[in-house]
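See the structures that follow.
One chain, chain A, links the two complexes that follow: it is found with chain B in the first and with chain C in the second.
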Partner chain A sequence: MNPAARRKLKSAIFVGCCMFSVLVALVPLAFILFFVVREGIQALNLDFFIRMPRPVGEPGGGMFNAIVGTLIIAGLGSLFAIPIGIMSGIYMAEYGGSRMSSTVRFAADTLNGVPSIVIGVFIYTIAVLPFRQFSALAGGLALGVMMIPIIARTTEELLLLVPGTMREGALALGATRARAVFSVVLPAALPGIVTGVVLALARIAGETAPLLFTAFGNRFFSTTLTQPIASLTVMVFTYAISPYPDWHRQAWAGALVLVSIVLVCSLLARIATRRLERMHGR
Partner chain B sequence: MKSRVSRSDFAFRIGTGAFALFLLVIVVSIAVVLTRESMLSITKFGLAFWRTQIWDPVAGEFGALPFIWGTLYSSILALILATPVALGIAVFISELCPARLRQPLVFLTELLAAIPSIVYGMWAIFVLVPGIRALEVWTPSALKQLPLFAGPPLGVGMLSAGVVLAIMVIPFTSSVAREVLKSVPMSQREGAYALGATRFEAIQAALFYARTGIVGAVMLGFGRALGETMAVTMVIGNNPRIALSLFAPQYTMAAVIANEFTEADTDLYRDALVEIGLVLFIITLIINVLSRTLIWSMNRAGSSASQQAAQPAKAAA
Partner chain C sequence: MVENVDAREKPAASDRTLASRPAPVHTGIAPGERPVKIDVSNLSFYYGAKRALEGISIQLRANLVTALIGPSGCGKSTFLRTLNRMNDVIPGVRVDGSVRIGDRDIYGEGVDVVDLRRRIGMVFQKSNPFPKSIFDNVAYGVRLNHLASSRSELHRRIESSLRAAALWDEVKDRLNDSALALSGGQQQRLCIARALAIEPEVLLMDEPASALDPIATQRIEELIYQLKRTYTIVIVTHNMQQAARVSDVTAFFWLGRLVEADRTDAIFTNPREKLTEDYVTGRFG
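And now, the complex of A and B:
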């Protein structure tokens, strides 16, 4: 074999390996989605959404309390994270060159990389230990802390995408900086920011580790913010590692619901970003 | 003299800055609070905490070495499995694939990152672990003489954890590596092609140019693997014993916190777990800082190089 042919062969093998690695990653994805849908569909029914968990041994029942719990905790988290995230994003975009803003950017990236279980321990020590009480509030706080860096960075990125001429126009008309940001730049970037927040929310709703010892879990229905509260993820975890086949069935149903939330949000976000890109393109 | 506008601008800066400062405060207070809450364990055991292997809460003996071992072992195993695949995907998407396929592929790999950890864990318990168990049963006994494959075929254990972690890490590493490859100036590949390089050789040149960023991407994946909790907790077997075998049930730092934190009945026990959390925080912090620095320096080098490349072109025009 002459050297040129050998080099071509090598190149072809390399290209083949790259294609193969895409396949290697997509197979588990297909595998996971397939199993979650197959097992989940069998167990998913109306009862799952509107009934309370039954005691061990009694078949049936649902996860109504956990669904409400997840909504409450995620809602609390966003309430806490959205203002902080968006305002810090504005700061980083507006004062990008300052030392403070690169420090904050660094802190956001760091916080993003902190393992979720460590966030759980942190919130436990500041929001559970002093009151000797697991609570929905602590759970919301934990999820909020995880959302802040994602929202801040998304906001910053999207604000920087807004054409500089728009804010310059506002400033030239005599607007203050705050006015230019809040009534011109931020509204222009808002659809993208909303998309980012929805994505962050979907991702955070699937978190388990930070809730284990903050919101803890609850077999009963509760909307009291100062009491332990159930969540879909923690309930799926408890059910999945239990020895009861009926609980396994329900855990699959819970997993299907979680995956559907993520899937729907990602698809919506993708459609929204596409539309935005087309609008900007015109 | 200050005008109304500049006063308002000052207030705006302070107002948004306060929120940004809050972000900083969270990060600092994680370090401070975790240190304060683990004082009991830090003062009692000192560095011995990280050198002893006995974890016996009933007797009040706490040694965290098995968890360090399990965390590093599982993450490195995941890294070995995930890195070639992740880089292959990054190269395929950024260099080889037809433009029409690019967006869907990016979407699918990002979906892999979006699936909740708990769902990975469930899938691993009910689908992956039985598969791994079959593999372990099928392993020829000659191979089982090796310490790497010793032990009974339980299914749960290091191999299952490593495989799940690898699947979870792939999207992170590949998306960062893709970004890094994107920042490699076209001239690098064009230069290689002009010299008669094959596709592989041109990509090799691009990869070599991007090496710092690629290392950063791999490290970022490593950081993710170190802190991953739920899926690992569900399949690693949760046995605080150091073993070389891939088949042996072991334990990680994140898993021991997840499992035992609510059961910690003494202050010392709880502080020991918080200390494990503190160290996990510090390790991931270091890994993240290092990898971000590498990626940043790569991007900066990339953009300045492309500017330099653009200048002669402008002059020629």
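And now, the complex of A and C:
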């Protein structure tokens, strides 16, 4: 074999290995989607979205309370995490003197890596035990704590991508530092930050562990923030480990809805990014 | 390099006034007769321990264009940025000496940097329009400094700034379009319009045409010529032909020192310093 042919062969083998790895990486995703859709679609109907759970043995019913609950908890989490996350990101990118900001960055990365069950237990001790009451608020707090580092780091990275000349441009026109950040730098980075927030939402919408000891779950419809509240993930968990085939089917349907939420969030993030980019003429 | 050593050892041209040299007849400008707008005295500048500027003294006169020339890293941009305290944003910098604008030292106590920057406009090397509409770009500084009391006044200011920057006719029908859709030359003129909209007294330009094609460059140079009737302009340029074309006074920087500042025609035809002559004739740099 001549050298040129050998080089081509080596290259082909390498590309082949890469393609094979991609396939292996995609197989779990494909299987998850396949099973969730195949099993979930059977139990999924309009009732699932608009009806309350029925007692064991009674067929039908839905997870209306859990869907509303998930929206409420995720909303609370965002309410709490978006301002704090974005502000911390701004601090790290714009103000943090080298050591302080690298400490904060390290702390954020560590928090991001803390197992979600640990965050659940932590919130349990500070927001559930003292009041002797599981609550939607505690659930929102737990999810918020998980969102903060994701949003903070995304914000920081995107702010650092905005060219320094743009900050200087604003300063040179007589803007204060804060004004330059809020009127020029932050808007320039906004498309990316929106994506980061939506992806953080998608990530926490699927969390179960931190809700087990905080929002707890609820068989009934509730929108009271100081009471336990149902969530899709905890409901899926409870139904899946139950001995009733009827509940198993409902759990699959719940899983399908969760996966769809994540998918829709990702799509929304992409659309929002593209919209905003077009608005900025990029 | 060897023949430059003598020149380098000589003191910088700090004690000379521009008026001391008799004015050649052909320009009709006598820089020394103009009032002093910015009086820089014994200015040194440090990035941490590294000294970037050493003992700069120069008087910049009103309604003239002063060009700052010199090889890369000679401190000319740093000097420009000391005039509106733009270097303040860099951590660990230190300034000695004084820069007086009007009757105040801008490095004195109680100086409002924000107000200073409103009075000393700046145009950057790379055009930096904000990701907003053309209108909002020009309106940015006006709104920020509350310079327009009504909507119609804001519009008037924006139109006059865009006209002054020779951009109005090209953008008047699309003021709400994104500024980022403009060409490079238009973007730079937009940045000039944005700086003019807050009616500064001085306009600092840091290589404003270095990223532009020859035609766009020519438009910027024509614009500078127009603007000096109203403003005091200080321009950093790498391009000596440009310095010769647009400026009345040229200051030559080398290794953080001001080697010589004089009427532009004198610098290019009959400099006092050997070092200046070597630089302007292209022997180094």
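By our rule, the second predicted complex is superposed on the first by the 246 of 282 C-alpha atoms of A that agree within 3 Å, B and C clash if a C-alpha of one lies under 4 Å from a C-alpha of the other, contacts with A are read in each partner's own complex, and residues count from 1 in each chain.
By definition in this document, contacts are C-beta pairs under 8 Å (C-beta built on N, C-alpha and C of every residue); 3 or more make two chains touch, one makes a residue touch a chain.
Here the structure is a predicted model, which is why all the values come from computation and not from measurement.
By the touch criterion stated above, A:149 is placed in contact with chain B alone, chain C being left untouched. By the touch criterion defined above, A:188 reaches chain C but does not reach chain B.
By the touch criterion defined above, A:109 reaches chain B but does not reach chain C.
Of the two partner chains placed by superposition, A:79 touches none, neither chain B nor chain C.
Of the two partner chains, chain C is the only one touched by A:97; chain B is not. Look at A:176: by the touch rule set out above, it reaches both chain B and chain C. Once chain A of one complex is fitted onto chain A of the other, the partner contacts of A:35 are limited to chain B, with no touch recorded for chain C.
Once the two complexes are overlaid on chain A, the chain A residues touched by chain B in the first and by chain C in the second are 174, 176-177.
By the touch rule above, chain C contacts chain A in their complex via residues 84, 86, 89, 91, 114-115, 117-118, 121-122, 124, 126, 128-132, 140-141, 144-145, 177-181, 191, 194-195, 198.
Against chain C, in their complex, chain A makes its touches with residues 97, 163, 165-177, 179, 183-184, 187-188, 279-282. Remark: chain A residues 7-8, 10-11, 13-15, 17-22, 24-26, 28-29, 31-32, 35-36, 39, 83-84, 87-88, 90-92, 94-95, 100-101, 103-104, 106-111, 113-122, 124-126, 129, 145, 148-149, 152, 174, 176-178, 181, 202-203, 206-209, 212-213, 216, 233, 236-237, 240-241, 248, 251-252, 255, 258-259, 262-263, 266, 270 touch chain B in the complex. Put simply, chain B touches chain A in their complex at residues 4-5, 8-9, 11-13, 15-17, 19-24, 26-27, 29-30, 33-34, 37, 84-89, 91-93, 96, 105, 107-112, 114-123, 125-127, 167, 170-171, 174, 198-201, 203, 220, 223-224, 226-230, 234, 254, 257-258, 261-262, 273-274, 277, 280-281, 284-285, 287-289, 292.
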